[in-house]
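Chain lettering (A, B, C and D) follows the sequence in which the chains are written, and residue indices restart at 1 in each chain.
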Amino acid sequence: MAEILSLREAVAALVRPGDTVAMEGFTHLIPFAAAHEVIRQGITDLTLVRMTPDVIYDQLIGMGAARKLVFSWGGNPGVGSLHRFRDAVENGWPRPLELDEHSHAGMANRYVAGASRLPFAVLRGYRGSDLPGRSPTISTVRCPFTGEELAAVAAVNPNVTVIHAQRADRAGNVQLWGLVGVQKEAALAAERVLVTVEEIVDALDPRPGAVVLPSWSVHAIAVAPNGAHPSYTAGYTVRDNDFYQAWDPISRDRDTFLAWMRAHVLEAA
Amino acid sequence: MAEILSLREAVAALVRPGDTVAMEGFTHLIPFAAAHEVIRQGITDLTLVRMTPDVIYDQLIGMGAARKLVFSWGGNPGVGSLHRFRDAVENGWPRPLELDEHSHAGMANRYVAGASRLPFAVLRGYRGSDLPGRSPTISTVRCPFTGEELAAVAAVNPNVTVIHAQRADRAGNVQLWGLVGVQKEAALAAERVLVTVEEIVDALDPRPGAVVLPSWSVHAIAVAPNGAHPSYTAGYTVRDNDFYQAWDPISRDRDTFLAWMRAHVLEAA
Amino acid sequence: MSWTSDELMTVNAARALAGARTCFVGIGLPSAAANLARRTIEPGLVLIYESGTLGSKPSRLPLSIGDGELADTADAVVSVPEIFNYWLQAGRIDVGFLGAAQVDRYANINTTVIDRGPGRPEGRLPGAGGAPEIAASCGKVLMVLRHSRRNMVERLDFVTTVGHGSGPGDRARLGLPGAGPVAVITDLGVLRPDPDTAELVLTELHPGVSVEQVCEATGWKLRVAPDVGVTGPPTSMELAALRELSDRGASDA
Amino acid sequence: MSWTSDELMTVNAARALAGARTCFVGIGLPSAAANLARRTIEPGLVLIYESGTLGSKPSRLPLSIGDGELADTADAVVSVPEIFNYWLQAGRIDVGFLGAAQVDRYANINTTVIDRGPGRPEGRLPGAGGAPEIAASCGKVLMVLRHSRRNMVERLDFVTTVGHGSGPGDRARLGLPGAGPVAVITDLGVLRPDPDTAELVLTELHPGVSVEQVCEATGWKLRVAPDVGVTGPPTSMELAALRELSDRGASDA
């Protein structure tokens, strides 16, 4: 059953140094508040998993929290490069970053396999691409009925998955809606699930398009209003497009980045 | 794009003798009206696919429409046996019925593979069961990462899938809610999709738990009010439990069955 | 107070759910037991039906696993592929609760065909449904069925669903993650697998039932625990709850 | 009336969607083109985004593929695994519309790494995203990118996404079901694969652009169609629609 904790308690209880951590949210519902708490608690040596690393992982990577990144598209959506990600990969700053790189279809299916507790998933993917040569988690499998060779991708089973949702009830059932991305799969693939929510409510009245994660599939819930900022929470907040654009100059320079993180993350909360 | 047709036109246009036909609906939203139209049009030699054959297939089988049944549980839910199904299998009446028999997990994954246009799906299933020995569509596959052997099931790709839904809009977008079962997968696995609906509306206002099939994934829509009877359509009709109980004596005897079908199906509509 | 043998069976099946958090409810008798448990010993029990409902709280016994109330009262409704892949196969469910047509001494189940002897066609049963994977993947398995030589057989005509296979170690060898059947509750008593041999042993009789009666109704030479117990008689509260449930719906859901 | 070369590119990219029913819209320039097509040549065009929206009808250009309006205006919103497995992989989408960092003469794409020469670390690009499977599974593929020797290269540093591989027959050999790239629309003109060799050939120039300019901006020895045409100038309606879209949102969605 999900425990309702403060964000500080929840991160301390669920995220450990060296963990494989997935923070999901496909543009929508990105759990920035939880990521900032991970940074503040100095939890490091993480293997970070995420289809679209985005500004949230640029921050974790730039602060040296990650030793490895598992991903399929790493950019600042609609803006350009992730400078901290590039600096880590290209120059090893602040530490080298190992990569395991997939396509979106591959990553999505890795989570599906993880949520299903299968060791791998099958897809028509990667054909002719150089990607399989760089990843030990891409292989092939032959259909026992037709003989066709298909791509196989290894399941992802994070130690912890962190997501942001609109709300939870007091029993710990979680409800999210809008673009629901790959969050259900990422959560169900993990050993431990941390959900930040905009609010706790008495009852989750049904909503069109909503996904509900029952309390017994979640481990900790923390209230973090506007916890997806600069991403957004449909029905609660809007995407801060200006922040995404502002992030480009902030993140280009190491010192500017560090000063920003100090002022807005380390000394905040 | 979906065409809106009469039920008679829709069945005539989409269902052909010898087709593999899936009529899905997991207890809820079972497309009885369409099945009755198939019987009236005398379309035969069908391979019928359905997780839970239920009274709807008892009727088709008893009328001799099917040469083969692909399924995972064939009973009258909460009541007992399907007598026409048993008579066909045990005594070949009115014609022999070939079987391809799975577990629910296997059938569900066969539809998933079909909807994904993969030749097979992988699951942890059938271990130690005698079922694989009876089905050519159950095999094994080895994980290329862990070496573990898992069950593989062949995709199901019906020529036609028939489902019942609450409603469609004039553009042919279909909306269903409540227990949504395996209908999305069954529809997307098929070459042709026929949807009967309670009504056509101007706009599909969003509903909690609703699945929407866009017009361009559906081929024909026919209005069939109460078209799931004796099954039900959440929000429109309730399950006719008395009918399911009454079906037991009706279907036990061949002549009683035929007389009932004549009066209620062949000479109806 | 008096009760029927079916009531004894259902009350004891419900009691077997004490301590369970989540239950995958098979079609048939298990639904009555699981719903009774929610009203008596385990009010927080999360009922999961293969029709795709997580946390159903029906007010009456559903006739089928697809009754509308199962969806209307659920915490979440998901697709059938999802319930089997993300919830059952993933090992998230504590207890799988199954009925059966034929059971053998290792709690293997046949729900597929009955051998009627040479020259006669096989008798057709409904088929596997969710049982093979429920028995494989749930933390443990409970079974409930009426006790007769027709149901409790020396040798299954067909193995639809593996309980303990041909004995100890078989589940591990087959790669079945759950612990398998831990109790078979019938209208005569309760059988449990011997920890050493995995063979079902009569461990409890229902009040008023004799060991001889049970052995007589069992198709194999039934072993009896040295300290065979007697189940507590149904309490008035259990009976009242069961009868209220049954009055409102079908008793053989 | 005047226009920029980016406007020429986007207007022509939108025109290339004439006749398409469904379009899987890649991140970047394709989103502007696909949204413009919905306002001009193909009002019924169904926009599909990898964030899980089927039939989005945004009123302004989304900055990212996850903008709320894409979900709010969609016919259906599905999960990311579903959009890739049931909709894209299943071959239901007519046109895949992709941007690219590096393209070669067979319309293969690199969006992974740039080789900066010996002793220097690889330059990092964002990665594959949805492109490999979009290019594999859609009925056909359109590409839109700015024309330069940096983008249109003799040899890719990395093959992220296969267009026509190393020439005719390669897609079939690799088991890629769709027809692959049929046009590359740039700010200078339009390249199309030669039906015999699969090599990109300059088939149309934008108004005011010379063949020499295009060859100069191409990293390989570009073949030019004998009857190279000139694209129609943007109509005032096209420009007005594009500018209205861009005023309302980002132009490089």
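By our rule, a residue touches a chain if its C-beta (ideal position, glycine included) is under 8 Å from a C-beta of that chain, and two chains touch if they have at least 3 such contacts.
Everything numeric in this text was worked out from a predicted model, so none of it was measured.
Peer 1: Can you list every chain that touches subunit A and also touches subunit C?
Peer 2: Per touch definition, common to subunit A and subunit C: B.
Peer 1: So what's the Cα centroid distance for subunit B and subunit C, whole Å?
Peer 2: Here subunit B and subunit C have centroids separated by 28 Å.
Peer 1: Round to the nearest whole Å and give the separation of the Cα centres of subunit C and subunit D.
Peer 2: Whole-Å distance between the two chain centres: 57.
Peer 1: Roughly how far is subunit A from subunit B, going centre to centre by Cα mean, in whole Å?
Peer 2: Centre separation, subunit A to subunit B: 39 Å.
Peer 1: Can you list the subunit D residues in contact with two or more other chains?
Peer 2: Residues 85, 89 of subunit D each touch two or more of the other chains.
Peer 1: By the touch rule stated above, which residues of subunit B touch at least two different other chains?
Peer 2: Only 116-118, 123-124, 148, 184-185, 209 qualify.
Peer 1: How is the touch graph of the chains shaped: line, ring, star, complete or other?
Peer 2: If you draw each chain as a dot and join those that touch, the picture is no line, ring, star or complete graph.
Peer 1: Which chains touch, pair by pair?
Peer 2: All touching pairs, sorted by chain label, are A-B, A-C, A-D, B-C, B-D.
Peer 1: Going by the contact rule set out above, which residues of subunit D touch subunit A in the complex?
Peer 2: Going through subunit D, the ones touching subunit A are 27, 50-53, 62-68, 70-72, 77, 79-81, 84-85, 88-89, 112, 121-124, 126-133, 136-137, 158-162, 165, 170, 174-177, 250, 252-253.
Peer 1: If you look only at subunit B, which of its residues touch subunit D in the complex?
Peer 2: The contact residues of subunit B facing subunit D are 115-118, 173, 184-185, 188, 211-214, 216-217.
Peer 1: So in the complex, the part of subunit B that touches subunit A is made up of which residues?
Peer 2: 116-124, 137, 139-146, 148, 150, 152, 154, 206-210
Peer 1: Along subunit A, where are the residues that touch subunit D in the complex?
Peer 2: 26-28, 51-52, 71-75, 77-78, 81-82, 85-86, 89-91, 101-105, 108-109, 111-112, 123-131, 148-149, 178-182, 184-185, 209, 231-232, 234, 238-239, 241, 244
Peer 1: Would you pull the subunit D residues touching subunit B in the complex into a rising list?
Peer 2: Touching subunit B from subunit D are residues 21-22, 46, 54-55, 75-76, 85-86, 89-92.
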